[in-house]
């Protein structure tokens, strides 16, 4: 099942051309992933970062059309693949029918020393369930 | 010829885990590209944005190892391909022998209305020369 | 009447000490003011910036206690004084009974050329009403 | 003696009105203070945050004139008062003769538990010397 994260484009996101400055999109993507782990996975980042974290190992993003101040975009997050300590995600952001960007990323759960570590069973179950739901 | 952009990792770049928060890397990448257009290409963004801009159409980044507060990384930018209105870049960031991230991106020159437009001849010549110099 | 703006403290807001990096508070303050102009004043920034803007002329902030990742703070915005083209605001941010910061700022409405310009009558009425409501 | 910190206004600093978005100024102010502690005080933040930090307790800023993309501003930092664990600073930012903003802040040295702690003697000596030098 897809996770839906709405975001109004605010003044702080926009550049002198009046469109979103792309590094701000990555802040929005991170907010979306953080909300997903809180709302759906039951593993809020603020707890997670107590014993490690989920750094992004790789991210590929294609910007299809610019977003402007005041736009109300929606990010749709899907789990593509759940590894022992990794998670492949896709995020598609749109306003109405118009796609604004498509992003694929791989996250890795790491321990306090920054080493990859297994997803806890309950977390892994949630991620797989989320993936199955997407089918 | 490669363009070299040094960057000390500052307090503002780092997250609660004490490493660079990856959206900040994209600000650093943008600073590097902006400095390259100013120092080498002779087309400062502040002039360029008068009649358009060079938005990023696509970017793929692999994070190899974390950077910590106080690290002094060096970004090495190379021009891979110069199109009519596009530019393919690679940026490799390292501290000493350790690669921190590798990024490939495609920029597009657009006019005031956001439509792709040809590189001015002198700019294209500089970009191609930079590419040749890389050989 | 006070305007209330809740904000969860997210990963992106926090520094290596695990508390909010204070420049991020100013982004949150700006988000709060932007939401106030949208929700209450009926003058969304995205329209406002079509014919000028409301830059901040002065801001004084006292940080009383740190906020940590996962905290749920609430900003309470009050209009203190409405001038011809200016607006004095206070914002008090708390979690529960604990005040986190207190901020006083002066905004100025400017036209396309950056010159101070009168609040439109309907806007001024809303701002004054909001101030009266605070009594 | 004043500490001088030059900063070119970059694309990332600017908003849809083409001027610096004021929360970005606070990032620049923090960069300036961080560089001052590294270059002059001999207490780099990356070491300092190992055993605590220097959070900002209070900051008052007046924005005199807008800065635009491409401007080359200079921040001039002066130590006004050195307490047991606090430091009062002023920062004046200008381009040429035109002042862009004036900021007064109070920093406090805190230990790992976030409690105020005395400046180490050598640090305090440096700060006082810097203050005397300003006379």
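As written, the chains take the letters A, B, C and D, and residue 1 is the first residue of each chain.
One rule holds for everything that comes next: a residue touches a chain if its C-beta (ideal position, glycine included) is under 8 Å from a C-beta of that chain, and two chains touch if they have at least 3 such contacts.
Chain by chain, the UniProt names read as follows: A, B, C, D = 4-hydroxybenzoyl-CoA thioesterase.
Since we're looking at a predicted model, the values are computed, not measured.
Peer 1: Taking shared residue numbers divided by all residue numbers at the interface, is the value for chain A and chain D over half (same) or under half (different)?
Peer 2: At the contact between chain A and chain D, which are copies of one sequence, the residues are largely the same (over half shared).
Peer 1: Among the chains, which is located farthest from chain B on the basis of C-alpha centroids?
Peer 2: With centres defined by C-alpha atoms, farthest from chain B sits C.
Peer 1: Could you quickly compare C-D and B-C and let me know which has more C-beta contacts?
Peer 2: Comparing C-D with B-C, the pair joined by more C-beta contacts is C-D.
Peer 1: List the centre-to-centre spacing of chain B and chain D in whole Å, with centres computed as mean CA coordinates.
Peer 2: Roughly 28 Å separates the two chain centres.
Peer 1: At what distance in angstrom does the C-alpha mean of chain C lie from that of chain B?
Peer 2: 34
Peer 1: So the centre of each chain is just the mean of its C-alpha atoms; given that, what is the distance between chain C and chain D in Å?
Peer 2: That pair's centroid distance is 23 Å.
Peer 1: In chain D, what residues contact two or more other chains?
Peer 2: Those would be 11-12, 16, 21, 23, 27, 30, 49, 69.
Peer 1: Inside the complex, what are the residues of chain A that reach chain B?
Peer 2: Touch residues, chain A against chain B: 16-17, 19, 21-24, 26-27, 29-30, 49, 52-53, 55-63, 66, 114.
Peer 1: Looking at the complex, which residues from chain B come into contact with chain C?
Peer 2: On the chain B side, the touching residues are 11-12, 14-16, 18, 21, 23, 69.
Peer 1: Over in the complex, which chain D residues touch chain B? Could you list them?
Peer 2: On the chain D side, the touching residues are 10-12, 27, 30-31, 34, 44-47, 49, 68-70.
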